[in-house]
């Protein structure tokens, strides 16, 4: 069951998460994801106000803002999560983890598709900003506070402001 | 009418904003600005508790913190906005846009005037911090995550931590 | 009395704080600390749900997230504070000041002790991230937006992404 999977992901990835009920009742990241799943389903049914209102309400509670149109895969973990923004045309794959303040945003230059694609298994550290219609490849990592404006190849690590890609072997 | 202008600015600048009622009901950045206009007016009347209490309440709802004494021009767009801080002695011109996590703060070294002046048409990208009584000139841009501790001349772009000014022509 | 000390610290360090009642009623950073003191006491008594529920509630109000197990010294000032995260195994000394978006977090690599130790008198500027079981020494400063992944010696200043230690005399 997808929902059970979503909960299990927190128990696997956050050492401070001990019980399933703890994740459901006390983890804002999980709650924001749960409400997003409903809002996104309503969005796909063609509704406008209700999904946006749900996203607005959950942002008040959690300080996490996910646009109802954003496509999010399975087992996303949003840990802490205050300040997380996931834009309208962003996509997020399976088994992604993101921390406080991560933004999947636009640069202000694009119309239409203007937010990033995050592939499976990506690790987005606290405060990093991924801006524009760029792709962060499978199992890539983005360092804390990094600002990513270009594609990150699969398996690579991006750090710095603006971000550069670390060579393999570089620490 | 100023209020209509404020709403129109969102419709012009955020591709995800489609209807005026959507901005009024569902955009925390607009709501924080609206309450600030009232709090600032009460502040100018010499009241203390009420404007600060309004700012406190709207911070709970929106996670945007604007000191009642801050002077803000027309058509400010605060997009997403979780974590935005606008300090007591900051000024913001007309047609400014700012994103998640932008701080117009102090360095802890100054008393009295200790927050920045942001001139007309400035673009402040996600997570940038402008600290101290510095000036960001007309139509300047500050990149995501940048930390600005010195003046940014009009029309220039500042990026990096701490920020450097890009030469014209540099990308 | 410790609580009086906590309030006085705001009056001393934030030029915008004028009255004790203002700090108590209108300062989310103080409120988050007060609730944390109670949650931490309940945590030490062996309770689980209640301290975590208090931390969850105060995070909704303040957008500040302090794990009930985190050990926090006297006179901590959290100014603005949206996005502040203090992890489970973090310790914070006396007379520390931190601003919006400061994260005392993990890197995802450690189990057990996985969050930083912040010693007395440390200054943590807006948006900095201190990650992993590192130590920030007495009276050290961390610049805005800096990402600290290694120890910072006492009295030193760390800036940049990732952070480097400034030589004495360097500005």
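By written order: A, B and C. Residues from 1 in each chain.
Definition applied: contacts are C-beta pairs under 8 Å (C-beta built on N, C-alpha and C of every residue); 3 or more make two chains touch, one makes a residue touch a chain.
Remember, it's a predicted structure, so these values are computed and weren't measured experimentally.
**Student:** So with touch defined the way it is at the top, what topology do the chains form here? Options are line, ring, star, complete, other.
**Tutor:** complete
**Student:** Can you check whether chain B and chain C touch via the same residue numbers (shared by over half) or via different ones?
**Tutor:** Different-residue interface.
**Student:** Cα centroid separation between chain B and chain C, in whole Å?
**Tutor:** Computed from C-alpha means, the inter-chain centre distance equals 25 Å.
**Student:** By the touch rule stated above, which residues of chain C touch at least two different other chains?
**Tutor:** As it turns out, chain C has residues touching two or more other chains at 63, 82-83, 101, 127, 145-146, 161.
**Student:** What part of chain A is in contact with chain B in the complex they form?
**Tutor:** Touching chain B: residues 52-53, 55-56, 59-60, 63, 65, 67, 82-83, 85, 87-88, 101, 103, 105-108, 111-112, 114, 127, 129, 131, 145-147, 161-162 of chain A.
**Student:** Taking the complex as given, what residues does chain A use to touch chain C?
**Tutor:** By the definition above, chain A touches chain C via 13, 15-16, 22, 25-26, 28, 61-63, 80, 82-83, 97, 99-101, 123, 125-127, 143-146, 159-161.
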